[in-house]
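Multiple structures follow.
Both complexes shown next keep chain A, but they swap its partner, so chain B is in the first and chain C is in the second.
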Partner chain A sequence: MTNLIDQPRYVCALGAMQTVSSIERAVPILHAGPGCGAKLSLGMTEGNGGQGSGYISYHIFPSSNISEKEVIFGGEKRLKETIENALKVIDADFFVVLTGCVSEIVGDDVQEVVKSFANAGKPVIYAETAGFKGNNLIGHELVINAIIEQYLKPASVVDKLVNIWATVPAHDAFWYGNLIHLEKLISEIGLIPNTIFGPRKGLKTIDKIPQASFNLLISPWVGLKNVELLKQKFGTPYLHYPVLPIGPQETGNFLRTVAQFGGISPSIVEAVIKKHEDEYYYFIERAADTFLETRSIARRFVTIADSHYALAVSRFLVNDMGLFPAKQFVIDGIPEEYKESVSNLFLKYNHGIQAEVEFSSDGQDVQEQIRKTNYYGRPLILGSIWEKVLAKELMGHYIGISMPVSQRLILDRSYVGYDGALRLLEDIYSVVLETSI
Partner chain B sequence: MAKHIKQIAIYGKGGIGKSTTTSNLSAALSKAGYKVMQFGCDPKSDSTNTLRGGKYIPTVLDTLREENVVKAHEVIFEGFNGVYCVESGGPAPGVGCAGRGIITAVQLFKQQKVFEELDLDFVIYDVLGDVVCGGFAVPIREGIAEHVFTVSSSDFMALYAANNLFKGIQKYSNSGGALLGGVIANSVNAPYAREIIDDFVKLTSTKVVEYIPRSVTVTQSELQGKTTIEAFPDSPQAKIYTSLASKIAQHTDSKSPSPMDVKELREWAAKWADLLLSYENGELRVEAHGNI
Partner chain C sequence: MEINLKVAEAPTRENRLGSISGYSGTLRDAAQKAGCGGLGNRERCFNQASLCNAGCAQGMVCGILDAAVVNHAPVGCTVDAIGASVVRKYLGMMLGFEPRNAQFVGTNLNENDTVFGASAKLRGAIIETYRRYHPNAIFVSTSCVSGVIGEDIKSVIEDLKPDIPIPVIPLFCEGFKSKIWATGFDMAWHALLTGIVKPPQKKTNVINFINFFGSEKRQITELFAKFGVEPLFLPAGTTVDQLSRMSESIATVSICGTLGTYLGNGLEKQYGVPYVQTLRPHGITGFEEWLRGIGKVIGKEHEVENYIALERARVLPELEKMKQQLHGIKAVVGMGPGYTFNFIRVLQELGVETIWASAWHFDPKYDKGLVVEDLDYLVKNLQMDIPFSVSDQQNFELMNVLNTLKPDIYFSRHQGTTVWALKQGTASVCVMDEYTAFGYNGTLNFASMILDAVTNRSLANNIAKRTKLPYTEWWLNQPNSTFLKKVEV
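Entry: the complex of A and B
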């Protein structure tokens, strides 16, 4: 029986229009019913860290707005018109047609329509992102695969060039800051990072993807299908590092792993790590009394987050901050095939500490379980906007980290690396200290 | 480099003998030493019955209904002489969306690269007679089948269906989709049947690949749940299917047909109706119509 899911924490695959939108001067063309574009984008952007507007924002995404007529007679003609007109009126570099549920049920041959724009002067590709294929994270993978399959051309490999694939744009409100911090870390150890999302990237960095000497995927599962396809198509090897590194323990391990894979000398990496750790621990020492004397924070915490953040934040809080993980909730609709490998990652904290993990998309059920859990003090709850009310009810300390993050404005903030860990501590302890006054 | 897998789609009006012809074609190809998969794209899911002793097999969509993920090899069953049999299946009549079912089943196989793994020489899609919606056109889109053959008798409605199919092929032929290999003329027993089909293929710029007479041997075989190739391998009918298989194995270049528009088709049919009437009335002897 189908249950009603309370409190959505992702949208459908068509939400991948935000992946396209995060590529500078790229525009998604929706072959979907009216409303799909605005509703999905609102949830992913304006309701999530204050994102959403920009040069080509969702307010102007072209859409075929198909209705009953196109369902009965097929929507190919309407799509063709929509693409033709989009090419005329939108000054963009890259057009990605995305199909929604209705056009895919009807069986429109989008490939044929898109192919007729082969000589349009600007690249037009398509991805089949019907909502019934899965959520926006799956949609993100479908869009990246479409770029790989339909746009990229083989190129000669550039030594030390590394494509970085991390958290999913828009879905993760911190995506931009994360990429900036990851690029910086990768550069410091002597590799050349290449990323495709955000300002000053766009097609020129997409074109470099096949030149990379390896792909670096920093994600528990999202993106695996992309790096596998890149390996298959261009023979580019990939390093799958499943944990978004936050704090010295994970970041040190991350840098050493990447360096080893990329053939970087240990002495270079160790020097980078030492410099960062010195700086990081200076602040930890300075705030040590605050950490130790603030007794209002419980020693147990809970994350209700996508697999990226549930894993990354809990690793930091356990391994660097000495907190204990209560049951962790992963709410990103992870596909069955990855559940085992991802749940195993929650068994590998330092000192043999393990966390129970539950994969669930049902907010009400998750919150019911949290209500029944004893956190031995005010619980530290790291979740989405949906947990804000719960935290009030439980007198907990609350911080929003996972979609939807509607109560925060997030610009370039990131919790990645050494600096990111300091920001996370600031954010957590600002909440904790406020309640203690 | 991976070997080229010849992918063929067989279309035609419902009840015209597509599954019978396709199953005998698959059986004959496999006897000729080729590795063959027959992919039934019909919600009735009975395309491969005569390759499997008259037994139904679990379909892709039945399996998908039970499980979230379907591994292709769970729905592939070996039939006569090692022919791999797959049925896409579909929803119960009157509910759901069979067209989407075909899309899902075909894409599931395409994604899993099963054809390469099984080292196939031929994949033959046996598609529901009426191309009623986008889903049923999937086997002739780019990247699936390259060659389409249509099974037709000399009946006007069967040729009407074939002509409609040609329109579909013409549409896809500009975009890398399948092209027409030719017509498999089925149930050509009446002396004028061959002439009608020959005239039709001439006007639509295609050809007849094989003439297959209606035969009681086929009925006898099917009542045993077998193809004629299996049940009566030495029969004249089996020889015809073997000849069809050999022609299809050698077939390389398909073409875009030139279907008639509705008016042309009606006038053409009316011309033949008058002629047939004149045969019956004895105004024109059958042997005398060779130059028509």
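Entry: the complex of A and C
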């Protein structure tokens, strides 16, 4: 294992510009080099599930486009005029200044500049997201923490209101579909979901964050710092459910856990679960012929994915579909402090099944290991665009699920819950069927 | 400023050519001021994110089949590897070489490295890249961070010489260095000229063909074969060995004046390979002048004339019919300067009127003091002067222009720019492939593409009806040049 980035599967902290732009009518103001906006956004959006613009895109992001002059003389004046004019030109409700590498190295006092806009009429906050500080998942946490610290005000708690925090916008091409499905599931058991990303949300739902009776974090590690800060600042308790639920076993467990935490009666939850499982198994029973009788799929699979998807997909394929995990690769630059707890989650499949897991940022090294692994047949490879060539070489079955998913158009698709599991099976077995003709 | 291959890196376009990224006026005015040396840059006091020269620099060298790139940068900068890989697989499929992931790694600079330096890390990354891919050359590209913290790339490379028996070449492309991302092309060419190209052993019948992706490789190879010469499409899809012999070629051409100036003129200056400076081969006039220019250099003028006569007879009648349908359409063009000037000419040939043009930067001249031919042609041949701005993809200025002028069609050439015209309600065509409107067939296809786009406006209309632009009413009613400062002296 090396420290090399070979086959990048994430970008730097400044990639959190996509977290900001996923909030309706919020705009990131970049205090960064001229190319940071386009580079990072292209990797995270157009090169990832065909996610393009929206109300804004990187072409709209105001940016100080730091040049040699600011490197030498500092860029505070430049940033100030950028913010001033952004407020005049861009029609938005919320401005988040994000710093890049250069401004942090030369030591611009961004806090001071941003403070001078306290009475601008619209909220202007900032987050220090220099690229050398970490990856875009860390950047996402920094932005959410900046919102909590600099924007949110205490509010009285609304019973049953739950903030849902799940996969990271843009980084996960399925982020929006996931939120829709999670909101739906949470509503069905009688809780009131609140999310902040995507259409018809924005400041309106951000303002509600402190009103929640609890925060629901569905993530192996990303976002823990945010729910902890919310607990500290507003006293809001949180439920950390580490696995993105895909399929009946995990989703059932998820709903029961949330219901218990949220004080929902078991009878309500069991009814919801039964209804969904009946629907789900109608299809599974029919499709089981295909699962069992295709000629080409073996039972072993490998994920090369961020911790959300490596965990979620492997849980589903093992616990619901009876497949078997080979070594799993988590490639999201997970911080040292979470490695142990996340790797333990790969030890808890049904029937005492365990998977070896490796954390790596070196895709080429991971692929070398996969080449040397015996999958006892054609492997099922769940990864990113980087695995396409490898899969062909190994005659594997392959779908892209984790950034960068450059070969797919993802709109509202999601693999979450019962419906999501059916979509995942359609996608996997369409590949299997396609291969066998 | 002469091309100087004795220095470590190419000077930026701003310093070398007096290029600018801020201007608002007309095409003739810009050309005239450029001629007098008085076209100063107008900075902006409001900017949107644009691009940096690292993208162009790395984008050029990562297409070389047996080379590798080591990017000395935080992880975000190395994201270019994703796009490079997608392009590489596409090229492999189109042009018939092994589709494979790009060999493009990053050193992952972190906070500690910004304090203590990361020379050892870079050294390790270069050694590992060599072990891993056995490339025939390694380009070590820099970043804003490696530049600001003063990493001594040259020493690291020098120290590795005994261990690594291939060219390891620095590629200086710190993002803050130039507002003009085309500077990155020059940085890449400088790296090739100083690190890869060898003095000629013999003369060949190869024409160096500087381009981006080479989609017309087959057609052009067949065309050139008629004249007894062979194109080498570069740099994407070539090998280090092929590039090392560029000095032996009979001539150099470039699909884009902006792209090719440094390499074409550098090869001419250093090795006497003539750089064919004509209009670019888009549209009929451009293609014919370009082909005649090549004919002259390789001594095949007669053959070229015969070919032109035959092709004209085949294509022009159908094109004439289309021109009648295109007559009166009003267009706005927003591309890099080479393509903007080319496409204004092509559109004029087709009867489409350009009512505003924007170029992402502006070179008053090319290397060797050469005139920018495609602009010069326009100045001499335009029926009317054209309102013109120079902006490094500043969307707010462009949307302001489109909102005011409401053209029938908008032509773009860069990722993420086309959709904004569409949201505003303008039919939009992205000239993504550099060979769009290339030669006779290409011009015909382009004419048909325009007709289809302006005839069926369903998508533009539907999206525009439901879209609110992210600009204030105040801004949309200001002059587009509101945020341009006075000319810098």
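Some notes on this structure:
Going forward, the second predicted complex is superposed on the first by the 432 of 437 C-alpha atoms of A that agree within 3 Å, B and C clash if a C-alpha of one lies under 4 Å from a C-alpha of the other, contacts with A are read in each partner's own complex, and residues count from 1 in each chain.
Heads up, the rule we're going with is that contacts are C-beta pairs under 8 Å (C-beta built on N, C-alpha and C of every residue); 3 or more make two chains touch, one makes a residue touch a chain.
All figures in this text were calculated on a predicted structure; none of them were measured in a lab.
In the three-chain model built by superposing on chain A, chain B fits alongside chain C with no clash.
Chain A has more of its residues touched by C than by the other of chain B and chain C.
Once chain A of one complex is fitted onto chain A of the other, the partner contacts of A:237 are absent, as it touches neither chain B nor chain C.
Touch criterion met: A:74 reaches chain B, while chain C stays clear of it.
Using the contact criterion defined above for the overlaid structures, shared-chain residue A:336 touches chain B, although it does not reach chain C. In the superposition on chain A, A:388 makes contact with chain C only, while chain B stays out of contact range. When the two structures are aligned on the shared chain, A:109 is found in touch with chain B, with no touch to chain C. The gap separating chain B from chain C in the superposed three-chain model is 5 Å, by closest C-alpha atoms. Residues common to the contacts of chain A with chain B and with chain C across the two structures: 105-106.
Residues 45-55, 73-83, 85-86, 89, 99-101, 105-111, 113-114, 121, 124-125, 128-129, 132, 144-145, 148-149, 175-177, 179, 181, 392-393, 395-396, 415-417, 419-420, 468-475, 483 of chain C touch chain A in their complex. On the chain A side of its complex with chain C, the touching residues are 2-8, 10-15, 27, 30, 32-43, 46-47, 52-53, 55-68, 70-71, 81-82, 85-86, 88-92, 100-102, 105-106, 130-136, 333, 361, 364, 385-386, 388-389, 404, 406. Residue ranges on chain B touching chain A, taken from their complex, read 68-69, 97, 99-100, 103, 133-135, 137-138, 141-143, 172, 175-177.
Taken together, the chain A residues at the contact with chain B in this complex read 74, 104-109, 111-112, 115-116, 336-337.
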